[in-house]
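Have a look at the structure that comes next, please.
Chain IDs A, B, C and D follow the sequence of writing; residue 1 opens each chain.
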Amino acid sequence: MIKDVQNQKDLRNIPIQKVGVKDVEIPLRIERKMPDNTSTLETVYAKAKMSVSLPCEYKGTHMSRFIEILNDYQKENLVSTDIEQILFDMKKKLDAKNAYLKFSFKYFLEKHAPVSNLKSLMCYDCAFEGEVDENDEYKFYLITKVPITTLCPCSKEISKYGAHNQRAMLKIKVSYDNDKHIWLEDLIQMAQNCASCEIYPLLKREDEKFVTETAYENPKFVEDVIRDIVTKLNENEIINFYEVEMEAFESIHSHNAWAYQKFQK
Amino acid sequence: MIKDVQNQKDLRNIPIQKVGVKDVEIPLRIERKMPDNTSTLETVYAKAKMSVSLPCEYKGTHMSRFIEILNDYQKENLVSTDIEQILFDMKKKLDAKNAYLKFSFKYFLEKHAPVSNLKSLMCYDCAFEGEVDENDEYKFYLITKVPITTLCPCSKEISKYGAHNQRAMLKIKVSYDNDKHIWLEDLIQMAQNCASCEIYPLLKREDEKFVTETAYENPKFVEDVIRDIVTKLNENEIINFYEVEMEAFESIHSHNAWAYQKFQK
Amino acid sequence: MIKDVQNQKDLRNIPIQKVGVKDVEIPLRIERKMPDNTSTLETVYAKAKMSVSLPCEYKGTHMSRFIEILNDYQKENLVSTDIEQILFDMKKKLDAKNAYLKFSFKYFLEKHAPVSNLKSLMCYDCAFEGEVDENDEYKFYLITKVPITTLCPCSKEISKYGAHNQRAMLKIKVSYDNDKHIWLEDLIQMAQNCASCEIYPLLKREDEKFVTETAYENPKFVEDVIRDIVTKLNENEIINFYEVEMEAFESIHSHNAWAYQKFQK
Amino acid sequence: MIKDVQNQKDLRNIPIQKVGVKDVEIPLRIERKMPDNTSTLETVYAKAKMSVSLPCEYKGTHMSRFIEILNDYQKENLVSTDIEQILFDMKKKLDAKNAYLKFSFKYFLEKHAPVSNLKSLMCYDCAFEGEVDENDEYKFYLITKVPITTLCPCSKEISKYGAHNQRAMLKIKVSYDNDKHIWLEDLIQMAQNCASCEIYPLLKREDEKFVTETAYENPKFVEDVIRDIVTKLNENEIINFYEVEMEAFESIHSHNAWAYQKFQK
């Protein structure tokens, strides 16, 4: 029989908070919100980060079991709603008090150009994050990064014509009551509503005119975007935690403007 | 006179926790520890992240002042020991309650090959992080990422010969009593002492034999490295906070093994 | 009517070799090779780079048409075999002499652990690249990056026990006769056969013993891997171009060993 | 005596075009152009890529010698003008027919804000690349990536007010007669002169007004920037090779606009 080194006693008397695997590439099945509020399943490219706590008496955790758990769920079409169950499986199969996981993935949404109404697919970096603690309390986080346009209010105000504008990234992480649900689709739209103007993959000339003028009519500092998104998040009664981060890749500098807000009910 | 848009009143009644600049590239003057425990100044490549809090009544912060503050210190040879002073300047010049900054930089240390004793320069990603709160409390963090070799205890134990080993990265962040000092040089050496074997830029054949055999004689899981560094950090009486993260770029997988521990006295 | 600025005359008399779009994120339909040599279609995450030549008399190309062409193919389930047709569409719709495109994507293959035979999915960075010139000549390139293990022959030879080994990346780009076909699956397996040992997402203890011993029995410098893959590529009669690049993330250094070979029949 | 595995005979009869080291981090001494056209030496953060050709009869190259050569030059304050000499040393010490190297580094230049004239330091990614062939012919390349602002001519033309603009990157690689010299400072300024407006780290309100209006008055497609830089490079009589690449991080899309031109006299 092959010796189980991980199972050996450890004498340093140090429990470890998190030990596991990172950058595990997997296909992930995601529920997509349909126009009629039903959902459909779809496979996306994802990276998994998974860890458990390790009691002081064990030398190591059994890393291959994380991959086996993922594989078990792959067979059954791993879906995001399985996250709580996966975490409890991790606790059980790795004999651990705490379990943590994060699935980061690429998610496409159909966008309609604002005037021509032409469709195209836009990709968003999203993530599901979850943890279960020693009291079996489950906590879930929904994360998205939404590219938007910001146009500088100061530049507009002080210049004879024009105003500098740029691609910017609004990152939102939320947690909400476990018996409720927030769709990625809705969180992404909430972010886009805080922009000087939304971003689109496909824009014809009439659309380009529209986005240029819309951004000019809605100048926003990174501070404005943060305040607008915070206002919307505060109004949402099921959200009990949020962390928002706004970064604008300034067209007039090679550094970025940045703002950050965190809230825990 | 040009209008000051940032200074305008904001009516959303939302103070912002952090607003500022990110990825500002600067030359930074660092104190290097000399063999006789004196120090010398040296210029390194750095990126700055700086932010302040913004009261609810102002529309925006004055981003250019961050760059001006950096420039003022550049003229006087900006050094890391100025961090506390820079933070108080930020509070004052931006009329803010809280200030935060992080300088991330590339730092070279001379290494001696273990047998041939040949010298070469090895580069480490390091950072200084600091904040001052509304009560003028100053908190400083020292950060380093140290590349090391780890060799798998399980692989060694179960195989007839050989053992998989790999490049790994040990990241350490510490805070310590404000009236004490920890040199980057010493923190990096502490990290290297927890490896299966240190990493060197220049190794002749006799050195390669040494590092191969040393790693084989010191097998370590990511869990072992975390426990060893945690033991050393716990023994250090001036350290009141640490966060350590260990990531091994497994040679037998394309994902990484990972472990994490955080402590606040 | 909205003015067509791109269509205006340019007087600098400079034709441009390539102008287009980069980092367009799209879902791409790929043909997957099945065990019985048939194929099935599958959606993967991809990034597109597309360009055309621009004659000296036009001020600009019509960037939105690249996205429209992609969208047209999306509707019909864009597949890799459409590349030649897409290039000809690009020439026509953008009124250009030359067209170029590259689809870079994430591709999963099922791997079986060498002893336990347990299945898991491994991800490879792959790409299809194509161009059509002014004489309507079509050229296609197949690209893959395959993570493998290398074990150092020198370290093994000179050390009492052990040998340093590491994750490494073998990148292969090939072109072949237009009427023939090479499957990504086969090119990836060819790369893996040149390693000290293949890499797997899921390895149980009996598998870890196997990969450790296999790597130890097959020591390879980056030079060896290059010569082995070059030998295989030379033996393949339909390949008329290749470019191979080998990079080993040395476990004993923080820099990489690297080798490169290019061949055009 | 320790066996020299690299020196062993190889029987596959395959010479290798390039074999060496990559991502070697080093401090590099660079000649900086002074206002009076003299120069001063300055240390920058650099990454080295170095390779030689390997004849078919040898199993491997001696990787540690690349680091030793760098170290020898470090002692004497390695400067960029040593590149030709380093390449000949590589040929000699590694007994090779061809040698190649690239030093990629971070380079700061002082910029003056356009109206306030305030000084700040801006960082550019630059590189020196060189090779010596089997006939001892030396070829040198100077490379820089310059961040600039571009403002879209179409967006300006068709919109009632405003115009989308964005951060963009102009990459230039040139080679020129071996007995002549081009300063990085001058190549960077040439690039900036092709922008809708230059980028600056520090801008006060009067400067922000200036850059906003200047960009609006100088709309440029990526095609325009390429044609402008190509015109300047064509006019320079000592330049015998160039490769230019323009990428605009479109504020209205999440993909980039891109253009490319290569020329060999």
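One rule holds in what follows: contacts are C-beta pairs under 8 Å (C-beta built on N, C-alpha and C of every residue); 3 or more make two chains touch, one makes a residue touch a chain.
What you see is a predicted model; the values in this text were computed from it and never measured.
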### Query
Suppose you hop from chain A to any chain it touches, then on again the same way; how many hops at least until you reach chain C?
1
## Note on the structure
Of B-D and B-C, the pair joined by more C-beta contact pairs is B-C
### Message
Tell me the rotation angle, 0 to 180 degrees, that brings the C-alpha atoms of chain A onto chain D, to the nearest 5.
### Response
180
### Query
Among the chains, which is located farthest from chain B on the basis of C-alpha centroids?
C
### Interface residue overlap between copies chain A and chain B, same or different (over half shared)
same
### Query
Between chain B and chain C, what's the gap in Å when you average each chain's C-alpha atoms?
36
### Query
How many Å are there between the centre of chain A and the centre of chain B, using C-alpha atoms for each centre?
26
### Query
At what distance in angstrom does the C-alpha mean of chain D lie from that of chain B?
28
## Note on the structure
Two or more other chains are touched by the chain A residues 2, 24-25, 122-123, 154, 158, 201, 203, 205, 209, 254-255
### Query
Looking only at which chains touch which, which shape fits best: line, ring, star, complete or other?
complete
### Touching residues on chain C, where the partner in the complex is chain B
122-123, 147, 149, 151-152, 154-156, 158-167, 197, 199-201, 203, 205, 208-209, 211-213, 215-216, 249-255
### Residues on chain A engaged by chain C in the complex (per definition of touch)
2, 4, 24-27, 43-45, 64, 67-68, 71, 74, 106, 108, 118-123, 201-206, 209
### Query
Tell me, which parts of chain D touch chain C in their complex?
2-3, 5-6, 10, 12, 14, 16-25, 49, 51, 54, 59-61, 63, 153-154, 157-158, 221-224, 226-228, 230-231, 247, 254-262
